[in-house]
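Two complexes come next, and they have one chain in common, chain A, joined by chain B in the first and chain C in the second.
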Partner chain A sequence: MESKNQRAEKRMVKTILFSARSSSFYVNMNPIAKFALLIMLSVGVVISMLHAVPDLQYNLLVLVLAVGFLIESGTIKYLVKSYLSLLLVALMVMMVWWIIFNQVGSNPILSVSFLGATLHITYLSLYVGIGKVSGYASMALMTLLTIMSTRDADIISALNKLKLPFKLVFFASLIARSLNIMADDLNSIKQAQFARGAGSNSDNIFKRVSAFMMLSIPLTTSIIKRSVDMGFALESRGFSKTKKFSNFIDEKRMRYSDFTIIAFGIFMLLLPFMAQ
Partner chain B sequence: MGESTSSISDRFSQYTLRWHGSKLTTTQYALFAIQMAVIILLSWLGAIATPVVGPGIGFLFWAYPFFVVFTLWWGFWGIFGAWLGSFVGSGLLTGLPVIPAMAFSIGDLVPALLIFLLYRGYLRKHGVDPLGRDILKSKKSAAWFAIWVMGITNIIGGLWGVWVLVLLGFVPASAYALGAGLWILGDAIVLLIAPFLSKYVTPVVERFGLINTGWVS
Partner chain C sequence: MHAVSINDFYWRYPNFTGIKGDYALKAISLEINEGEFFGITGPSGSGKSTLCYAIAGLIPHQIKLPLNLDDGIKGEIRVLGEAVTAIKNENGKPAITGVGSMSPEVGLVMQDPESQFLSMSVMNEMSLGLQMMGLEKSEMEERIKAAMEMVGLGELYQGASRIHPSELSGGQKQRLVIASFLAMRPKILILDEPTSDLDPKGKLEVIETIAKLKSESKMTIILVEHNPELMLKFADRMAVLYEGSLIAVDKPSKIYSNNELTKKYNVYTPEISELSEYFSIDESPKVTIEKSGFSIERAIQKHSESIISMKGIGFSYDDGTKALENIDISIEKGSLVALVGQNGSGKSTLSKIISGILAPSSGTMEIAGIKPTNKKTRSKLPMHVSYVFQNPDHQIFTRSVTDEIKYSLNNAGITGTHASEMVSGILEKVGLSDKANEDPVFLGRGQKRRLAVASSIVLKPEILIVDEPTTGQDYHMSTEIMELIKKLNDEGVTIILITHDMRLVAEYCRRVLVMSRGSLVFDGTPESLFMNDSILKLSSLSEPQSVRLSKEMINIGVLKEPLISAKEWLEFFDFMKSKTSIAFRSFGDIEKAKLKILSKIQSFGKPSGIISIERGGMILGSMLAESLNCESYSISASHYNEIGALTKDVNVNGIESLDLKPKGQYIVVDELVDTGKTLDTIMHTLKQRFPDSNFSTCTMMAKPHSIIKPDIIAEEVENTTWVVFDYEKNESIREFKASNPKMLKELNEHFSTQLDNRYAKEISLMENAFKSSGKNPEVIIYENPTTAIYARLASDILGIKKLIGVRNANYIKGYGAYLCAAIISSNNETAEELKSLINSKDKIVINIGIMKIGE
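Then we have the complex of A and B:
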């Protein structure tokens, strides 16, 4: 039988995309620290990628860090299910473009002639390609980690802490909460159309556009309907006279671990400059 | 005989470039938040559920026709939605880091802004419906849509987006023209949806009194 601790370990919380382990260090990190780390690491990787020969070690270090936190937060399974194939295709396309359009280095490993043009693949062009791909992958995983481990309440709490006006914070929360509702609406419309023999999964681009056209009109009318309903519901609760959140209790304070993470982010940001 | 240009312009005269900053109703407040959520959602789908033809370049960006029409209806909020959809939906939610996503999103903000300025400013005074309902009826309106929306502003967005990718080291500089070409072509194809959306849904939105007569409300 599972112990109490094991059950608590497995408990998940709903985040902006999918859900994450509630006891995870990364999930419980202050959102300000989390976003600061994301920005600093992104800048570091962009600096590394801007070099003629990208800093492969730096990119791999960020990649390992992102994968580690994805495992720790319990979000890796969603990434594998929903994004892995997309990410692999994007990375493969990136690698091919860099090999074809970045003819650098001498001593080709392989030369291919096509329509009168010769393509050389060298050690250097492969190294640059891998450097670019690893940089892009590390940034993509860090961003997905942040999105998949952050709750909409965390964002609202952070905006509240920044003392932004109530209407602005509430507006942001409405956008975040409407994402799931509208995704459900879109799905229902798609299923209703499939049930009536409309819709298309064809590879033909024009068929896909015409299928989307049929989807777009009910989707837009659903936006209008939801807004009118929500407007009435808000107004019936006295929204236009409200000046602040009445009982917002879900607040995360900055802890020592958050400051440590920010310090680590600053170190990682400075690293590419020190390596130059 | 058809309506004269001056009477058509009179009919469109309520849709202007005035600011109207203090007249937002609660329904409009909810509407603008929901439309932004939809643009974020469609931008995300446009990035993850369409063929990837280059690094950071998806082929069919489904959100484009929506934010064009939303901009014609809701001015500032449509333009802001175009930016937010690109920054969050096809940026952050697909794994694009904050800085590239921020730079990238300008490629949607500028076309939306230019479309609103032209339709509510110049075209309104020259007999073209500022809400785009006549694109399928009038040759003049269709020509403006093809030149300005599918052409110039789309080209600006494509050139900017791929330039950012080159600048950030995602796309090789020698592949700039190919990347921009694929981007512009894909967006031009999905933009074919906009005239239909405009023709069939604008009357519904208008009936609810939810179309902005100025920038903000």
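Then we have the complex of A and C:
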């Protein structure tokens, strides 16, 4: 366990996944504003991609924004270590596929013949491919950013702000809490598996899959034990006897900066229309 | 009204298989008083937690599997007068009745704080129970603030909405859970092993909170604990559970003093219990501990080639936390090294680097001949280094004990008959052969731990890292696991033992590495660590009870080096027994010594007075005062305080009442000078108090190892000689009865054949008088010097060590009140005067002049 001083030194807060810089503007943004921005930017990107030629500038702008916020929130390093390689491979495959199956444009940069068929790569197909992929990448990164930079307590606070029933909000929080515990247990179990000479680090894909399957036994045992304990902890506070829950959840207020971000989101949403 | 009243309660857990298991609780009848601090202890699986859940109303009401009401549950549990669980006959069939969970009147704090957090901010965690109570926001805020302050988390209140519970330290987490229940203002708080998963600092924080709860609240507290020191410190009464049955309910001191009970029912006892022949449960010695030339022979760390070599190792987590900084360690092959430090100090990170689980951020290392510079070389380490994790549930990957062992073998490419033979061999070694086909998930915690060790050692690793092997285990299981680890070490396996248990470190390890804030702050032997108070403080560690006793003995000059375990203390006492011889001295010998001393005193001139040190110097002092016809005074000094507990310093009593003449010449008289610390302290005190007077020292006997050499000595005796005087017959027999049967025999022979019986008549008269009075005096007040001999004899008859010698009635002023005092005087007049001045409810007066005894 880290001490208070150590926490102060690193100035990080725990989020749903990993942790983020506590002083970050994006991390401290109201989740409602954050989700609104995510939705508006995503809709903007989708609109830009509905056209025969997607708006590359718009998509790149959103992508730059996403990367900028990832850096600003201190979550970029987790992304690099965890999802980025997977995301890049997926995007590259998507781009190759798009170029193969959407032969557009008339000035080929490169032509490849294969089994009697000729594949042309044109300026237009490359432009459209980059436009589409940058659009999807920006949406994926914005979504990851939102999840990686938002504290679970903030989400619960936002749900509460939206006047959802307490039981629903509480169970949402319980699920988030359970995921949190599960992630910690899974990490410990994976380390124990490595110590036994097995694990997902093997070069052999079958061994890796088999090792992953083996995690289910200790993880299930752990989940059952945790859920019994959590059930008892809940009941020892009188949950099933409660007739009326009073409200206490600390509601995170919307600040000017949050409204500014929403306004910016609206502007970004309207931008593709204006460009049209 | 009782806080809890349980009447003949039985409970059996239902299961999916339908096969009846044993009762988890059997015929429990127990009453816990309101406001009482009640402890529950017992070995693992004895039903302690189940009993807590039953009191909290969670069992049977929250068990969702179908119950067999015919013989699965019986009896009744009432909490605060309300039936929580009872069995009622409804239409000829048994049915469970009762209110179930008694929230908010009853709060339940469980072992693992992590599983009890239901929210993701400290504030929400605190408010949850209060929200369920339907309280107004303002009241919730007020209660939350008060509860957090009560447990010492007040400083977190302001930012509580932004702090995730998992960001807290172990101790803070458990205190947060306690606070979340305190905010609900319960009348009963149940704490189920609240410190077992915590590091020393966390334990200390929770213990301080419990102490505060005990002193500041009127709550009934039920504490389940293995730790005997906590029980002794806090519990008013405690219960011992064993295999679901209630074995005993009594005061903790009575339970832990009952060796037969604690051994039979596998109760974790204080270290002092192993030394019960020599020390009381409150750590006060039962025997006189003599200074000796004893030195303990400890195993020397074998010098062999290094198997772990690390230079400049550093490690930082992704979020920037520096877990390790510049670690240089070299561990020799075949050694057993303890790795200690509080949570977050870096010991787990270091161990994971050694076992290849984590890669260091900086530095170089060589582990078992491998230089793990990349992922590929690092993945070879598990074949040489095994890691047994703290939670055995996290390392069980299959559904049978045999498969679990095979899992390790298969990963190393060992299959077929060879693998099966290795499985049988290792199961035999860890005593799990009869469980070969069982599902590991359903093994007991100790068995799971042994299985985890078996799975780790089956590949014959060169290095074995064991993380907290005894946490939450009972005494029997802990010993079993540690003996297994010791055996492996004897076979040549290098062991790194990560632990918070300093008793284990003292008993099993010869080298300790202490980590603090990612750095190695100590590398040395356990005894040097335990004597290093600054490192202990820095790393929030505390020395074992044996060392604490040693420190006291070092302070009073009895020991030179610390004895760090009960085993070493027993060796010390065995040595003392083998070396000590008895020398007997009679009244005649004292008279001879007096004559010798008187001849030596001539050179000093006639003294102004004799100051006798009670009780030893009383007889010789009174004889000298009478012969020299000078004033007689008395003072006392002891390492024991008023209640008989050993103290670090020598306490000198009676010095304030000394009315010495200025510039007088005084002789301080004692019977035997042993270590000399008492006489030295007395002389120092006298010289400070009476700087104008001159003091000489005189003793009948002295030992060569004394730190002070008296001015007049009649006789010198060996350091290992135990001198017994005829006037201390009873107390010598009492003392040797407890500690040395061989010497007791010698003692009995002497007293039955060679006892100097010159005071036999007076002894008999006094004995009869005390018996017929039926009183039990706490102090003997005697007229000095005339009745000193009789007072000393009375002290032996009654077993009273507190004596006050008075030269006149004024002397008695300033002494405290006693319930009952024995007054020994030489004539009627003095007897009456003393009687009127002594502030005691009961008084027995013994008038020596006519040997009249009365009230």
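Convention: the second predicted complex is superposed on the first by the 210 of 276 C-alpha atoms of A that agree within 3 Å, B and C clash if a C-alpha of one lies under 4 Å from a C-alpha of the other, contacts with A are read in each partner's own complex, and residues count from 1 in each chain.
Everything below uses one rule, namely that a residue touches a chain if its C-beta (ideal position, glycine included) is under 8 Å from a C-beta of that chain, and two chains touch if they have at least 3 such contacts.
Please read all numbers here as calculations on a predicted model, not as lab measurements.
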Partner chain in contact with A:94 - chain B first, chain C second, else both or neither: first
Partner chain in contact with A:223 - chain B first, chain C second, else both or neither: first
First, second, both or neither for A:111, with chain B first and chain C second: neither
Partner chain in contact with A:204 - chain B first, chain C second, else both or neither: neither
First, second, both or neither for A:175, with chain B first and chain C second: first
First (chain B), second (chain C), both or neither touched by A:17: first
A:139 touches, of chain B and chain C: first, second, both or neither? first
Touched partner set for A:83, first chain B, second chain C, both or neither: first
First, second, both or neither for A:50, with chain B first and chain C second: first
Common interface positions of chain A, toward chain B and toward chain C: 174, 176, 181, 217, 221, 226, 230-232, 234-235, 239-240
For the chain A and chain B complex, residues of the former touching the latter: 16-17, 35, 38-39, 42-43, 45-46, 49-50, 54, 83, 86-87, 89-90, 93-94, 97-98, 100-102, 132, 135-136, 139-144, 146-147, 167, 171, 174-176, 178-179, 181-183, 186, 205-206, 208-209, 212-213, 216-217, 219-221, 223-224, 226-228, 230-232, 234-235, 239-240
Chain A-touching residues of chain C, taken from the complex the two chains share: 53, 56, 58, 62, 100-101, 103-104, 106-108, 110, 112, 114-121, 123-124, 127-137, 140, 161-162, 164, 166-170, 172-173, 180-181, 184, 199, 202, 318-321, 343-344, 352, 355-357, 375, 379, 382-383, 385-387, 389, 391, 393-399, 407-408, 411-412, 441, 455-456, 459, 517
Interface residues, chain B side, partner chain A - complex: 25-38, 40-41, 48, 52-56, 59-60, 62, 65-66, 69, 84, 92-101, 168-172, 174-175, 189-190, 192-193, 196-197, 200-201, 204-205, 208, 210
Complex interface listing, chain A residues touching chain C: 1-3, 6-7, 9-10, 12-14, 18-19, 22, 77-78, 81, 151-153, 156, 166, 173-174, 176-177, 180-181, 184-185, 188-189, 191-198, 201-202, 214-215, 217-218, 221-222, 225-226, 229-250
